[in-house]
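Note sheet for the following structure.
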């Protein structure tokens, strides 16, 4: 319970970074922190006290393992996070090349 | 207990990463969050994720440092309006309050319901032949998800190559 | 090979087309165009054929079990009235946009990459529509989103990159909210299959979990569908993209990613209560008015259209939020109509851009004489979007307004009428400044655009004119089946699970 | 430590790299092949393979790495890897269903067990390894072409 809440606090730190920072790299970093927090949250949900890692051994019976499904889903989610981060960084590099800055207040060709 | 310490460390490192003025330090701090996450996965008995997180973190750090090094490192003066910051903080506070109420009704930490998963644990090895149940789930029970995951990465690679190509437009032949 | 094998083809065809295009596109000239043309034609044909098969299927539902695993354990694909309706809409627009892009994309370099990304975006939308699994929905949503982020930046000019960055950041925040929502639901219900989850949730007491998850999904999918408090990315992203992609984004992407997912989750999984419906109606009405008011002051052709997308999505959400059979019918019909005429308008704006090189309405004028086909199709689309009879937009708006009155929501009905009048005003401006009036000297020698760009515009205009015919009883099954799925609510669970058990 | 992408780093780094890069590559391949027996799998192994190339590139400079695998070749290999995975999925149609695991399951705890899982792992490994390397190459080559 406290752990879940701490994890959501980490999520909110990332959210704050995305919403309030005016530097493109800081926004990407905020996004990364949000991704860490949501992955951790999903894995926390599947944890089981005194559980074993979900890999069979020859001599042990298979019960009392942690939940393998969230782990499989988070594996997918990590990849998605990597894909988004890489794409956004490449956009940021091109923006830097065009404007010569990462400061978003100076990048204002579009009006909201 | 060690999870609490790790999480508090992660929150502090994340705040440092967000607030520090220097971009390179900020990238290093976010690396600390990532490696702490990798440790947390180990504590949570998820070795597959720990390996993946570790290598992905290294790759992300290399790319991020490549992107930020030798680029405008000096101070970023922010247009910090008090109203916007306060409204953002207010939104976050409301979000956390309601999440607290909702979290109370979830199953307690460490005691998941594991309704569907029981079958994976019991029949995973005999039905799929894979000893590693996580692999059995991602490549057999839910292999369609993995096809999607591979496609996401493929999309991203093609997208990056499209964005980084030059020139983007052909010259207009003026009439 | 039985009938049911058609379902995974909606994902396999665009995926194989994307991989092939990126592999051979560089070596063999014009191969990418051929592959995309064939694949999108095949997808359109298959979606019509699927509709035909669905009529004969028992219970009007088809379930495909991937890998042979039973639904709560593996992933299943579900084809019912609603998903079939969305499939036809998406693949219809995708086919015409693909044909249009054959010539239009000559302005840009590296066509094979464009077609690869286009195909992946179609794959993401089709996968999202036919899936029956909540996490799988998230994965395909990400495929479609990432492809669209890259496509918005395809021109690699400063504005496009900036719009794409904004879109990517907001889109990723939306995905994060959706992911957290899925995590809550998984922890609470311990299953990911949508039908199974609906079954579990209806038997479980809770006070805060479901409302909280509802708000998370509303924020996430609301951002994806650009409802008003979350609309900031759309007016930048849609004009910046190449015109054919703007047509896809405005025409089908925001509807598939936003509206369809919202409907599926709120009505079929969580179960829509009056509270949710009231919130949806309120957001719909706000979007309707705010979008059109912001559109009035725009002089950039595509930006004006983008604001109208926000406004028209408001109509769709208002209709669906009413929750009555008539309101939902109007909402879905308007969704289809808006796909058709908004794509047509964006294709027109692309044609103007292609011929003159500008999108500023102050600079154009008198194009009607030099580009007769573009001007006439644009007239049809403008009348449709403004709701002039006998075009299709009139019927769907009329149904929504009647449904509002029927339910006693006079305020929303008046909002809808005002929105419609303002829409008419802003499109009269487009007609006046783009196609009527005196022609400027520098545009004296422009020509009409090539045939492959004209053909889709003419076809879409014809659909606009005859779209109202879908309301006559012998064609109404197309809409009625979709409405029936929504009205069934959470009994969706038993229907799917029974069909899967066979 | 000057990090010059054209010529690479100092002699010490180059020597150590020459010793370790093969081991890293081998470890990546091991992780890919043993995905169904131990932690890891196609994705983690693929990233390790990509990292071994990145390592080579950082130490020796762009040209040495590009001589081994060029950007075009990387993107083609990636498409081939993706196609392979789709083919594995389509293979299931032989048994009647998309993604059906039709090969013999073999004995658990053996390398050749688990039917199509090992094929999927290999194709994902190829795809991820060259795909991520292609991303890195695109980012670095771009920066130098100014």
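Note that the chains are named A, B, C and D in the order they appear, and that numbering of residues resets to 1 at the start of each chain.
In this text, a contact is a pair of C-beta atoms (placed from the backbone, for glycine too) under 8 Å apart; a residue touches a chain by one contact, two chains touch by 3 or more.
Predicted model, so just to flag it, every value in this text is computed and none were measured.
Asker: With centres defined by CA atoms only, which chain is the most remote from chain B?
Answerer: C
Asker: Suppose each chain is reduced to the average of its Cα coordinates; what separation in Å results between chain B and chain C?
Answerer: 29
Asker: Could you give the separation in Å between the centres of chain B and chain D, each centre being the mean of its C-alpha atoms?
Answerer: 21
Asker: For chain A versus chain B, what separation do you get between their C-alpha means, in angstrom?
Answerer: 2
Asker: CA centre of chain C versus CA centre of chain D: separation in Å?
Answerer: Their C-alpha centroids are separated by 37 Å.
Asker: Could you tell me which residues belong to chain B and also touch two or more other chains?
Answerer: 47-48, 52, 56, 59, 63, 67, 99, 104, 106, 112, 114, 116-117, 120, 125, 131-132, 134, 138, 140, 142-149, 151-156, 159-161, 163-164
Asker: Would you please write down the residue numbers of chain A that are in contact with two or more other chains?
Answerer: Residue numbers touching two or more other chains: 8, 15, 45, 53, 55-56, 69, 73, 75-76, 79-80, 83-84, 86-87, 89-94.
Asker: What are the residue numbers in chain D that touch two or more other chains?
Answerer: 38-39, 41, 43, 75, 79, 82, 86, 98-99, 101, 108-109, 135, 138-139, 142-143
Asker: So how do the chains connect up here, line, ring, star, complete, or something else (other)?
Answerer: complete
Asker: Where on chain C does chain A make contact in their complex?
Answerer: The touching residues are 135, 139, 142, 146, 149-150, 153, 156, 158-159, 161-166, 168-169, 172-173, 175-176, 179-180, 183, 186-187, 192, 232, 235-236.
Asker: Mind pulling up the chain D residues that touch chain B in the complex?
Answerer: Spelled out, the residues of chain D in touch with chain B are 31, 35-41, 43-44, 47-48, 50-51, 54, 58, 75, 78-79, 82, 85-86, 89, 98-99, 101, 105-109, 113-117, 120-121, 124, 127-128, 131-132, 134-136, 138-140, 142-143.
Asker: In the complex, go through chain C and note every residue touching chain D.
Answerer: Touch list, chain C to chain D: 5, 8, 12, 15-16, 19-20, 22-23, 26, 64-68.
Asker: Help me check something: in the complex, which residues belonging to chain A touch chain C?
Answerer: Checking each residue of chain A against chain C gives 8, 11, 15, 18, 24, 27, 31, 34-35, 38, 41-42, 45, 69-70, 73, 76-77, 80, 83-84, 87-88, 91-92, 94-95, 98-99, 107, 109-110, 112.
Asker: Where on chain B is chain C touching in the complex?
Answerer: Result: residues 98-99, 101-102, 104-107, 112-117, 119-120, 140-145, 147-149, 151-152, 154-156, 158-163, 165-170, 172, 175 of chain B touch chain C.
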